[in-house]
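The data blocks that follow each hold one structure.
What follows is a pair of complexes built around subunit A, which joins subunit B in one and subunit C in the other.
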Partner chain A sequence: MMLWRRFASNRFALVCMIVIVLGLYVTGIFAPLLSPYVPTAQNLDAVAQGPSIAHWLGTDELGRDLLSRIIWGARTAAIVSIVAVSLSTIIGVVLGALSGYLGGWFDTLIMRVSDILFAFPSLLFVIFIAATVKPSAVRFVEQMEIAWGMRGLARSGIIDYFVVFTALSVIAWPGMARLIRGQVLSVKRMEYVAAAESIGASTYRIIFRHVLPNCLSPVLVAVSMGLGGAVMSESVLSYLGVGIQPPNASWGAMIWENSGEWRLHPHLIFIPGAVVAIVIFCFNFIGDGLNDALNPRNR
Partner chain B sequence: MLVFIIRRLLWLPLVLLVVSFITYGLGFYGPGDPVEILLGQRTNPEVVERIRHEKGLDRPFIVQYGDFVWNALQGEFGESYKYRGQAVNELIAEKVWVSSQLGFVALVIAVVLGIPLGLLAAFKHGTWADTAVVGATLIFISVPSFIVAPILLWTLVSSLHLLPSAGWNGIFDLRLVMPALVMGIPPVAVITRQTRAAVLEVVAQDYVRTARSKGLYERVVVLRHILRNALIPVFTLIGLSMGGLVEGAFITETIFGIPGIGRLGFESITSRDYPVIMALTLLVATTYVLASLAVDIGYTFLDPRVRTD
Partner chain C sequence: MAPLLSVRDLKTYFRTPDGVVHAVDGVSFDLAAGERLGIVGESGCGKSVTALSLMRLIPQPPGRIVGGEVTFDGMDLLALDEEEVRSVRGNKIAMIFQDPMTSLNPVLTIRRQLSEGLELHKGMSRSQARRHSIELLRMVGIPSPESRVDDYPHQFSGGMRQRVMIAMALSCDPQVLLADEPTTALDVTIQAQILDLVKRLCVERRTAVILITHDLGVLAGMTDRLAVMYAGRIVETAPTAELYENPKHPYTIALMKSVPRLDEERREKLFVIDGLPPDLIDPPKGCRFAPRCFAVIDKCWEEMPELMRVTEGHNAACWVDVSKGRS
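Now for the complex of A and B:
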């Protein structure tokens, strides 16, 4: 509660939080209700228009309503950021905590693996994973469809999401693991941990009840920044054509689809661009605000 | 010290081995048949089989990978699938030169803008200048380069007609300005923030108060006591931001049509040009490991408190 009050005393960070919660997550969840048009519906009588009463943000080259696509893009960004960050946080926290607490060969192994993943050029790696994992995933899902008599799953675009989640989590967990490990190393020397050990608490209990809860504050900051990072990475991947595929809406893909038009209709790029930038900015600002609230001495 | 360097250098081949194994595996089991890429879609199966056999592509994974490692050890990465007849080495060598020029300029922009801005924010801590700089850096970090690029294109090229639009003509050409800015701006923000944070931390230290109370000139206090200590972590960051520049190169070079390794990397992935992908991944991984080693070594010189053992 102290934390929340300190965080909320930074008005701008609070505004950013409201923007994110309403603008990204609530909009994402209620996208089907909120969007005025079907995001894939083409109206060829109204192609590449500027903002008007009928189309608040105008239409793209295919006559699709820009506002509706932005709203559905929010859904994509919301799903990707939550799932990818949850995955990488869970993997990172568990491996980092074990590695910091247990030490020894396990620690060495995890740290070496993360060293290696750090040495990979991450964007190249993500693009490469996205490009190589996808066909196998498609094949797998198609076989599943045949086996279970389902239809349309492989074409629904669900695989694109799965591929993006995998790619983003694979590169993001080592950073989280290192952060947690460093925290655990300092917390495990605390007296209450020694006390827990001396009364014979199990390793599992010590890690998850005593050590981890006291390491979580930097994780909060990292998660906030990570959510912004995931939104950024998703839009980069989709921009480069290896992320979410059309006709599913993604802000990055929208920028790419309209990038041939930057001279004639700059708003088609600037609006999704501004939306991405505002969302990432808000996440970073929330992260900054949390950091200040957690470490009041640094202000 | 020497032991430390040697141990770290011994680590390099292991990293490269694992990196190459993963990348090779992803490529091997991933989509796209190299022979089909070479020949195009319409070929008769017999020819495909013959070429597959000639190129040794019908052998088991581990044999092919061993072969790759053996050739790579001799500095031989084979021929590009996409640019037929071009050795991967030559292809990459010329692009590396272009990219390193671009990266160098971007890094200079980042350092020349970042450090002074960070110092400004820290020494004017709590004033509007501080707030403005911190706000601006957050914006710089938040705007992805594929958005900055069209904005710059639209303002500087299409509206104001200040700069030529795209392409590459060496380091002393106006066309360099925009891509270098696009790549340099995110690290500017990171360096500024780090400089600010480091200076603020050092200013509060006892030895700074001692220096002031000894009656030293403010200039001496700032240069000798504050900056010398505050810039050490900044130095680390500059070393590590080289990795970030490689990332930036992917998007920037693709957008501005610059013939560097970023664009080559993206092209090679989309066209499944595996020999090029392999060579590039290893190149970047080597650079990363060496850069972080250089940072660690530099650290021990800059900050005698850091011990390597």
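Now for the complex of A and C:
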């Protein structure tokens, strides 16, 4: 509660939070209700138009309503950011906490693996994962369809989402693990940890009940920044053609689809680009606001 | 009657980049049920390490209990596996730490921390543990415990927190309470209250206490028996009154002399023991106090004295009988 009041006292961060919650998540959840057109419906009588009353943000080369595609793109961004960040946070927090508390060979193993992941250029690594995981994921789902007599799953684009989740989680968890490990290393020397040991609590109880809750404030900041980063990475992947595939809507894919038109209809690129920029900008400011609210020196 | 807790030749060493530190090097003592034993000595003499060794809480590495025997209630504590040790910690042997400001977890309510031992060892449900926690807080003299039990540690003062720590340590009715300088971080008036509380509760419940401190004044009224530690060894042990009246070991004598007293005429300077405690990485061959001793003889440099009987229950580890006049 104290935290919320301190956070809300920073008006700008609060505005950013409202923009994100309404503009990204609420819009994402209610995309089917909010979008005026079906995002994949092509209207070849109204191709590449500027903004009008019928199409507030105009239409793209195939005559699809840009506003509807932006709204459905929000759904993609919302799902990808939440799932990818949740996965990487859970993996990172658990591995980082165990690594910091237990030390020894486990710590060495986790830290060397994260060193290796850090050493790759992350974008290249994500592309590599996305490109290598997808064919086997498709094969797997096709086998599943044959085995269970289902249809259409492999073609529906769900696999693209899983590929993006996997790729983003794999590169994001080491950062989270390092952050938590550092926190745990300082918290585990506190006397209340010794006190918990002296009362007979088990190692896992101490890690998850006594140590972790004392390490979570930087995680909150990192999660907020990470959500923005995930939106960015998803756009990049889709722009490069290894993320969400057309006709499913993604802001990055929209920039790529319309890049042939940028001289004639710059709004087709400018609008999705601006939306991505605003979202990341807001996430970063929320992160800053949280950081200020959590930092004990500012209290 | 067999003692409740019996420590024989306990050795705890720490490996450091400079060499192996012999922090506790051959400590032996007995503790009877309900007895209150004080361990006194200067900083770094191994008091706290002794207590942590009994709980098997030595951080490992760098520390290691390399030898000795700790028998508690018929069990060899040093031979138990991790899980068996946990069933003793907090349940049979509990500990109060030095600094109440840092030994309570800031993000958990008092109730959660008090319930921990009750749920683990007594198998209480959440609501039972809560009721019992309120009783414990009332027992240690916290006003309106029904509402305070859901507060966080930062809402308590230092003295109150130490009361909570005492409640936590006594929650499962342990047979032995280890109090590692429980009042060092508190101011003097609170110190007296806390010590009275510990003494009263332990007498009521017949809990044996090992009180560790460097404050001789604290021990006088609190303990039945004292053990004086120097450089990782016990150099003298005697019933409290006997030790104050008739100290035998030169270190004990010097220690008593260096306590400032209010009932004595003011001296120009306080008495000090010259020199520093020995390096515990490479301790001297003979008596460890020899370099600072006022009664040192040749034998002291050659051979380490073991605890020798002075009178019944009074043992000192010294080659010289100081009272027979030789200085």
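One rule holds in what follows: the second predicted complex is superposed on the first by the 296 of 299 C-alpha atoms of A that agree within 3 Å, B and C clash if a C-alpha of one lies under 4 Å from a C-alpha of the other, contacts with A are read in each partner's own complex, and residues count from 1 in each chain.
Throughout what follows, a contact is a pair of C-beta atoms (placed from the backbone, for glycine too) under 8 Å apart; a residue touches a chain by one contact, two chains touch by 3 or more.
Remember, predicted model here, so these are calculated numbers, not experimental data.
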item	value
Side-by-side fit of subunit B and subunit C on subunit A, or clash	fit
Contacts of A:61 with subunit B and subunit C, given as first, second, both or neither	neither
First, second, both or neither for A:232, with subunit B first and subunit C second	first
Touch count on subunit A, higher of subunit B and subunit C	B
First (subunit B), second (subunit C), both or neither touched by A:122	first
Vertex subunit A, arms to subunit B and subunit C (CA centres, degrees, nearest 10)	90
Contacts of A:200 with subunit B and subunit C, given as first, second, both or neither	second
Partner chain(s) touched by A:262 [first = subunit B, second = subunit C, both, neither]	first
Subunit B versus subunit C as contact partner of A:192, first or second or both or neither	second
Minimum C-alpha separation between subunit B and subunit C after superposing on chain A, in Å	11
Doubly contacted subunit A residues - partners subunit C and subunit B	none
Residue ranges of subunit C touching subunit A (in the complex, touch as defined)	55, 57, 86-91, 94-95, 97-99, 102-108, 116-117, 120-121, 165, 168-169
Subunit A residues touching subunit B - in the complex, by the definition given at the top	115-116, 118-125, 127-129, 131-136, 228, 232, 235-236, 239-242, 252, 255-256, 259, 262-263, 266, 269-270, 273-274, 276-278, 280-281, 284-285, 288, 298
Subunit A - residues contacting subunit C, complex	190-192, 194-202, 209-210, 213-214
Complex contacts: residues of subunit B adjacent to subunit A	11, 15, 18-19, 22-23, 26-27, 29-31, 138-139, 141-144, 146-147, 150-151, 153-154, 158, 197, 200-201, 243, 246-247, 250-251, 254, 265-266, 269-270, 272, 277, 280-281, 284-285, 288-289
